[in-house]
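Structure first, then comments.
As written, the chains take the letters A, B, C and D, and residue 1 is the first residue of each chain.
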């Protein structure tokens, strides 16, 4: 039986990891962006933790976190991560718990939300390059249960983030650098890997 | 990091408190992070709202007032404002004739303004958006997020602001704003980088004898890093890039020679001398001009040149009275 | 040395060509190094002439125009102008009612203006001089060249300019100028030094965590070198130094929070917030204020605060219309 | 018999020494002033050389040089050195040649002009601290002829300049530093020594 996945715990743990890693994310963004990604995300996830309802279905928790991230992060990543969490929450509906299938649908909804809003495709050197392999990895491992599937998701996201290094950015601020964006990891892909690592660690505990 | 600030996280609210104290003609909601004309909303007038990351002062808060913006939403430094701010500003200036959003073409600005516009529509406030993308440094816009919005934002806000002040309708004001954008091009050069207070170190490193060609206004690197050149050569490179993208010959233009924040006014005038000569040599007539640090990038040393090919109507709107902290004439 | 210039020796003439091209309301004689109102001399009006080393832009050339200076003489960077310039400017604005020289208290300025005044008297042009010495950083003036003239120069030029524009006589205009000077005090702090183009290296070195208290506007060191402090602490130190020298409590004041050239506007507003709070806490009512880089020191990062204890008459003259490149209101 | 002292040669030689030493003078001025003394003087003496009349009595030559220095140097040193040379020239009157006594009177007139204009006294850490001992040294050695007297003058001026190092400036820009001006040589005193060295070298040749 899958462990009861606590969405609030995910958001809190993600916030911890982001806070600890904010400077690295900001340095990545300084290389090919404008040096604010870590701080933006830290501000957003801090607000998300504060906005977590005391109780309520996991779907509502993710939507509350998503709204807070939209209203506090700023920059490109705010609306994108906010929309991702709100779509994931919406996909979970009012269910009291999250089973493997539901989590998969939520992750896929998050990906769709990000691509719909940001219009980025695979290879554009954005967070989408971490999300696409992550969602695929989840689906492939879903039958092994949430813990295993989320671990595979996190690993795929981390791999995806690393694979943005040789890419030339075609979306977001980094795209202004053209070929000069090659050789640098995309900060949004890196933070997506971090947030999905948090999910895996919560699912495993 | 040497800055005249308190805690890095307080730079934006502190500066807003200073803007409020210095300009009684503005209503500044520090917590909500919006700057509004004290006499807003003006019934029957199209409201003009813009905003973006802080660090470009006086853009945008310094352009709020008679004949220009009705409200501005400053995000954190170099970080787009959030939908809540933009919606609050939109509601505050809605006088029953709709609101125009002036949006610089950065993914963050576009997405946050888009979400705010949806929130406004939900409250029956009609919103039109104009995208400012005047920066020619970004050549190939099919494989990028599109050209950045830089110096021409000031042209758009002043000219659309004058038309709105004159009582024109939303679609007319939006059309004029788009026309100004389409007739404007900019190009920037950085001699130094700048430091986001929260980051504590420069966004990029430049050698003592290096400069960045085609920089944006968020301290992000530009098109090309080259050896430092003279003011005349830098102005030639900038105007040539603009001219190659939009021919200026034979036209009457408005020119902004803009210091990026750390370059002193004496150097901006050295650059303007070169710009005036270059334009004359290329059969371009300068009928309006502005020299100074209007669209900056924190303490970055550098220059951005923006040129708008004027029409008689646009000239008349540019000349219309304006009274904001950063621009004031005619009253 | 990273500057947006051509040859170091050409900085002043290049900048003057830029000033001329950017401001048709000015007549700029680049070779004679004078900046004159295009409509000078105005018969029957007291002429106002000031000048000093270049590198303080917009001071003084940026203050030439309606309601302020009639002419300005820019010397080389941080070097007083020569008598020939000052005499040429004096002759160009003499409208039969005499000419007032606004002279910042530096030995070079005092001596060169003195020699020029003698040349003018030889040509039957009556000249009065007012000495501006508002900088409290120089404590003991018996054993020094006396207090330096800094930010309050702007107050003197605006207020005396308004009175002259209103047709007042030479002695009346001179008296008002002296009154403004006596009621004004300034204090400056530098976060970085600056580099005279011809010298090619900074005038003094400051560590990453150091600042100079009580700096002047020629990039010369100040009263004391201390650890870098927050904006609130720096403003407190500056206003306390002024308040100790001239009590502000209970008075109505005009405050200038002035960036020194390399400090961005966002930081100047952070400082203004602190100044507004400090003054309120000390029972001082701010009735007029100005925030921006008006009296600079090339690319020096830092701040200067100038305060003038106003009277109703001085306030009215401050409010009077002005139209110069750097200050414009009321027309 | 004293060599015929060529005042134009003095101005030209002084201009050479100033040009060669401009950076050092500017660095001295950067420490306790505003870093422009060498450039100011270089500009002034270049103009003085250009303004030298082809012929005419030595007095007129010095007055022409002085006027040029006033109109081209700028800063505090312009009027001071300009006045010094004009007063010296006036003291020489229309005489065709300069004898030892006349040169003494000229140097004394120069000193008086500087003190009258600048109001500086001995010990104020200005050019006056080089000029006073120089004039005194000239008077003491005048009877030994111009060559010897000007050599003594130059040495006294150099010594006077060096002795400004421990002084606290009470005049000019350096006075704003108060005690922080101690330990630095005054640039004006140093350039006075240089100009008087030029005189000695011309007198010796």
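Rule of thumb we're sticking to: contacts are C-beta pairs under 8 Å (C-beta built on N, C-alpha and C of every residue); 3 or more make two chains touch, one makes a residue touch a chain.
The shown structure was predicted, so the numbers you read here are calculated from the model rather than taken from an experiment.
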Chain groups still in contact once chain B is set aside, others held in place: A | C, D
| item | value |
| --- | --- |
| Number of hops, chain A to chain D, where each hop joins two touching chains | 3 |
| Interchain centroid distance [CA atoms averaged], chain A/chain B, Å | 32 |
| Approximate Å spacing (C-alpha centroids) for the pair chain B, chain D | 55 |
| Distance from chain C to chain B - Cα centre to Cα centre, in angstrom | 29 |
| Residues of chain C touching at least two other chains | 77 |
| Touching two or more other chains - residues of chain D | none |
| Pairwise touch network: line, ring, star, complete, or other | line |
| Contacting residues of chain A [partner chain B, same complex] | 26-27, 30-36, 39-40, 43, 70-80, 117-118, 168-173, 175-178, 180 |
| Residue ranges of chain C in contact with chain B within the complex | 2-7, 11, 14-19, 21-22, 54-55, 57-58, 62, 77, 191-192, 208, 211, 228, 230-232, 234, 257, 261-274, 276, 286, 289, 291, 293, 296, 298-299, 301-303, 325, 328-331 |
| List of chain B residues in touch with chain A within their complex | 53, 75-84, 106-108, 111-112, 114-115, 137-140, 143-145, 148, 196, 198-199, 201, 203-204, 216, 218-223 |
